[in-house]
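Take a look at the structures listed below.
Each of the next two complexes has chain A plus one other chain: chain B in the first, chain C in the second.
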Partner chain A sequence: MQATGLIPARFLTIIAHLVLVIVILWTRDENIKMSLAEEYSQSEFDQKNTEFIVALSITLGLFAVELIGFVGGVTMFMSFQGLLSTAAHSAAAIALSYFLFDQWPCEWYWYIFGFCSALPAITEAVYIIGILCFRKGF
Partner chain B sequence: MTSVTDLLFPVHKSRDELKQHIIWKNQEYVTNLPLQMLLYFNCFYFPFWFIGSLVILDLKWERLIDLYRIVLVAIYVVYFIIEVVRLYLGYLGNLMERVPELAGSWLLTLLLTFPLILLLNINDNALLLPLERALHILMAIFVGLEVIVGYFAIRAMVNYQVTKYHLQQFSDLDNMEDNEYFPETRYTS
Partner chain C sequence: MYEIFSHPELRRYKTSIFSKATLLMLAILILTFIPPLLIVYRSYGFWLREATYREQPRVAFKKEFILILDLQNGQNPVVYSTFQHYNQLVQSYLRIPVVKAREEDINGDGKYDSLSLDIDVPMNAADQVVGVKLVLFFYYKLRRFSQFHMESLGYIDYSSSVPGGSLQVFSDLRLRQKQLLGYRGTDTRYNNTLVDPASPYAETYSLASIFKAYSSRNVTTLLQDPMKIWSAGRAGDSPFRVSVLVNYPEEVISYTPGFWYLIKWGWVQYVSVLLIFLYIFNKVKVFVFQHQVVATVVETPITSSLGRKDKFS
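Moving on to the complex of A and B:
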């Protein structure tokens, strides 16, 4: 398995996604306001705020899983996982850029989360457990 | 110069001959893998960090006071030059196992890059925007980890080369023909 350009590509797309998630974590207000009606109460705002923070925090947790698998060397040289991860995170980076600039309602974040954060993290976890517990791959 | 190196990276004098022999036999290389990974990914991350920082600087140029305009431009110019030199020296020093280059890279990281990136991170008077915060925090993690891992890498490399030099003196004693012959090592001072 030779070192191709896939490894830096995977790293850079993960970092791009991570940076955008941190930026959204810091500037949530506009996105929450877009998902509420014209006049909203503070309790509605707080509820949506909490929900959004939970979604972003879970995303950061899944990032930790994926980064441990990648930087720890467990799945660094697996081309399928690398390709899936690169595609999912670059799609997430593009979608999150639109999310920021066009001020999407915060419910739409769950779709981005499902396809672009949960999917690579789940396959990563499957690979990690497979390698560590069942000694697959070597 | 050896006195400064001895002060920063002291060699354990308590190793006995047997342990030196084991080290000599078992270690084929002292290239540090975590440091190499950090430098590699840092090389890829640096252009994007730099472009992002310049874009943010352009966006907030109007609202900055004069002092921070000058300070931030100076920081970015200096950081660019220092980073290129530091990454190149670190690559060269770690892969070719050369102590002077690696020590130079480590000193550049510790004394120049580390304070600069801390300043970029913490100084709220320069109107830190969220994107800037995210980018600078990542860069600070890279630099901090390189300082810590680099110290251990240099210490291992210095230990290895000192024991190799000592053993070479003993093993080459039979081959020495005249007084002008010195075994060549990479541990130059």
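Moving on to the complex of A and C:
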């Protein structure tokens, strides 16, 4: 029995996560200020700003990997990858909502990135290579 | 045709210890039991650190007091106390009043509810009283949680520019806590007497040293919002009368609750969020195993009888 209900769930959670990352990219000032001391210099702000932009850009890059794998049909019907992706992106969506509304310090974003962006992207990449190069799942 | 009866059929999913299914189940278990704890903890009020209860304290007037009447025109004050040594020290200012003290238990519950104190100080015609200072001493006991015994004060202070003939005071004796009380055991930190009746030194009886020691305590009593009536003018030789009515009302007392009280309410909070998570993840587990998202061996009631010697279980 194929878990066909998983595909729209996966799509929705990926898009929700993507939208939140883009919103955070536009309104990142408060998050950066929360991770600095009360008195901060412009150079400290710029350094944190650059770091944060790098994190968010890598996230967008990993999104591209995952969307290519999913929408391109490569891993659309792999139910385990679908489950993992859905779980990771929904956790990210919840965590990033808190990140945005409770104004978490921007250091904490790296944890969300690790579990919820890097992990599904890596497993996605492994599956894609497996399918394209080693003819897995055929 | 209608449905007459139904009962659930059990489908078992089996797998070996080292498999994707076990890993997934472990992840789901962690996600079911840890997030409710985080949610409940981060939304404040998980451990109830303070609770309140009502109790009427057992108050008894110690039958000790210090009375100081200030006279006009810089004359020496009139002093009286129930401490023999102090009276000897202030002999030149001493006058012996007539004291009537009566404690009443109005509702018959074995605890006094009010104190009526009348002090009539004999006066000369030339004495003009412009101020009264009265310090009353009480025994104060709380019983319900910790056995809290203390000796406490009530202080009445009045001064007027017009010389008077009597002062009437109506007030309540209230508990003032700067710190939470305990929930068990005996608490006699403040049971030591504020004025040692055997001490011959003037220092012990000075209001300043009494109040200094008293205000450093974390739990005290005070006469709150006293209503005072000063009647101006006094007929020649008639005594100066101080009448005090002190009520002992029921108090709301703050204390730190005990271990099982905390656990009880923490458990209630945790379980109420846990139920939601259990429901959601049950649905997830049904979906995952029914659609074989991870590979397991499926055993239905029909297939469970395969390979068994008797086919009845």
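We adopt the following convention: the second predicted complex is superposed on the first by the 135 of 138 C-alpha atoms of A that agree within 3 Å, B and C clash if a C-alpha of one lies under 4 Å from a C-alpha of the other, contacts with A are read in each partner's own complex, and residues count from 1 in each chain.
The rule we apply is simple: a residue touches a chain if its C-beta (ideal position, glycine included) is under 8 Å from a C-beta of that chain, and two chains touch if they have at least 3 such contacts.
Note that the structure is predicted; figures quoted are calculated from it, not measured.
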item	value
Partner chain in contact with A:Ile22 - chain B first, chain C second, else both or neither	first
Partner chain in contact with A:Phe11 - chain B first, chain C second, else both or neither	first
Touching partner for A:Cys133 - first (chain B), second (chain C), both, neither	neither
Partner chain(s) touched by A:Ala37 [first = chain B, second = chain C, both, neither]	neither
Chain B partner contacts - residues on chain A that touch it in the complex	8, 11-12, 15-16, 18-19, 22-23, 26-27, 71
Touch list for chain A against partner chain C, complex	1-3, 5-6, 79-80, 82-83, 87
Touching residues on chain C, where the partner in the complex is chain A	20, 24, 27, 287-288, 290-294
Contact set on chain B toward chain A in their complex	37, 40-41, 44-45, 48, 130-131, 133-135, 137-138
